[in-house]
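Below is the structure I would like to discuss, written out as structure tokens.
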Amino acid sequence: MSQEIISQYTVRVFYEDVDLGGIVYHSKYLNYCERARSDIFFSKGRSPVEGEYHFVVKHIDADFIASGRFEELLIVETRMVETKRASFLLLQSVYEKENRTKLFEMTIQLVCMKGKRVATIPADMLELFS
Amino acid sequence: MSQEIISQYTVRVFYEDVDLGGIVYHSKYLNYCERARSDIFFSKGRSPVEGEYHFVVKHIDADFIASGRFEELLIVETRMVETKRASFLLLQSVYEKENRTKLFEMTIQLVCMKGKRVATIPADMLELFS
Amino acid sequence: MSQEIISQYTVRVFYEDVDLGGIVYHSKYLNYCERARSDIFFSKGRSPVEGEYHFVVKHIDADFIASGRFEELLIVETRMVETKRASFLLLQSVYEKENRTKLFEMTIQLVCMKGKRVATIPADMLELFS
Amino acid sequence: MSQEIISQYTVRVFYEDVDLGGIVYHSKYLNYCERARSDIFFSKGRSPVEGEYHFVVKHIDADFIASGRFEELLIVETRMVETKRASFLLLQSVYEKENRTKLFEMTIQLVCMKGKRVATIPADMLELFS
């Protein structure tokens, strides 16, 4: 993995995140990754919804490697894989913070929309991901 | 309890609803009750959001009586307690379906909004709750 | 797609499922598909957690094709793609019910566990998926 | 309100928290408050589940005062109202961080359990709330 890390985002596993086995419910990793992406905007005083611009998920390819557990602190690392005119591909990995066990990893393709149409990603939005 | 039952709505307890004790996460009962209220509209071909009209939660007084568990079928029973010009008070009770154990009960006050203003409840919307 | 449909499961899109655009939050499709899988067990009086046996998600490859919206009824169709000794691969597709628009489709690999170990899928559990 | 503040906990409002009106879905305030309570344990290297001890929600009385919105930072303030042998009563208030608008306030009664029985709250757990 040679792409540079764009962001490292910490999440705590709470009661609402785990199932009866005490492990993180599988779809919650997607939520954690979405919070990490939104936080890239928030942490720079920006928003993932600006004017009519926003991003929609087009494709996800995800490996569930090990189980996160109640109480753990997790780290979401986000890397840029590829940029196109109207879309980009990120690699997002979730680790248990203390011992750096990798729990989850996905590539996610996001498409830029202006209202209901696919649109060229504004340069100043794209900049946040580099 | 002398109020008449407006609706009986069935929900299944899935993985996403329970915590590490295998019991329903407490705030999920509010979700179940909201689904039951929305279903009162849906089941009559109506919507809880019509024109600029919609309802917001103003107050909840809730007793957590017993624990719902993974796999169980629950029944949400909704009763009208009191109607005012712009708001109404419901009693919503959640039972385990098979043995009718009461798990949860709340009174909930809902206020009718038109856009951003409190508004008189349209007669044909109020009718759905009687 | 020549695999036979194992199950068709209906879900309603409620308030809790949509985001500020009024469209289904992306990870909710995984929840809908999990409910459909669990329902395959429930609808036959069985459970996805029997003795120490249960299933964990190993891999998901998902296309987000169109947006589900508040109030819509969706159908989750589940097909078996491939069975191995300890795992199987399903194809799950989510359609808007009325006009059969395909919204979401994923392949999902599930691994059978007995306690903390990978285990051969019990014949009577596998049977539910055929 | 003369009780002292036990904790101040910050939460961000993400996509997954809001509904089609762009405002926080009502039951999410209960989730935010639960995270704040759990964090009281976590922030001192402790856990809300220790040995067989844990806490269950018994009663909630909640006012929904104003609407939290996507992107906002919220503060959950927790105060102890009353302690009994096996239960305690907290006041939890949620504010929009920047302008200190109060959005939500509830009293919540929590009961201490040891396994499946009501139990005297261990002194060192109670201490965390004072």
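The first chain written gets the first letter, and so on, giving A, B, C and D; residue counts start at 1 in each chain.
Quick note on the criterion: contacts are C-beta pairs under 8 Å (C-beta built on N, C-alpha and C of every residue); 3 or more make two chains touch, one makes a residue touch a chain.
All figures in this text were calculated on a predicted structure; none of them were measured in a lab.
Colleague: With contacts counted as defined, which of the two, A-B or B-D, has more C-beta pairs across the interface?
Modeller: Between the chain pairs A-B and B-D, B-D carries more contacts.
Colleague: Farthest chain from chain D, going by the mean of C-alpha atoms per chain?
Modeller: Farthest from chain D by mean C-alpha position: C.
Colleague: On a C-alpha centroid basis, what's the spacing between chain B and chain D, in Å?
Modeller: 23
Colleague: When the C-alpha atoms of chain A and chain B are each averaged to a single point, how far apart are the two points in Å?
Modeller: So the centre of chain A lies 34 Å away from the centre of chain B.
Colleague: Among all residues of chain A, which ones touch two or more of the remaining chains?
Modeller: Each of 15-16, 20-21, 27, 31, 34, 49, 70 in chain A touches at least two other chains.
Colleague: Enumerate the contact residues on chain A facing chain C in the complex.
Modeller: Contacts found on chain A: 20-21, 26-28, 30-31, 34, 49, 54, 56-64, 67.
Colleague: Touching residues of chain C toward chain B in the complex: what are they?
Modeller: Residues 12, 14-16, 31, 34-35, 38-39, 42, 47-49, 70-71.
Colleague: Quick check: in the complex, which residue numbers of chain A touch chain B?
Modeller: Those residues of chain A that touch chain B are 15-16, 18-22, 25, 27, 70.
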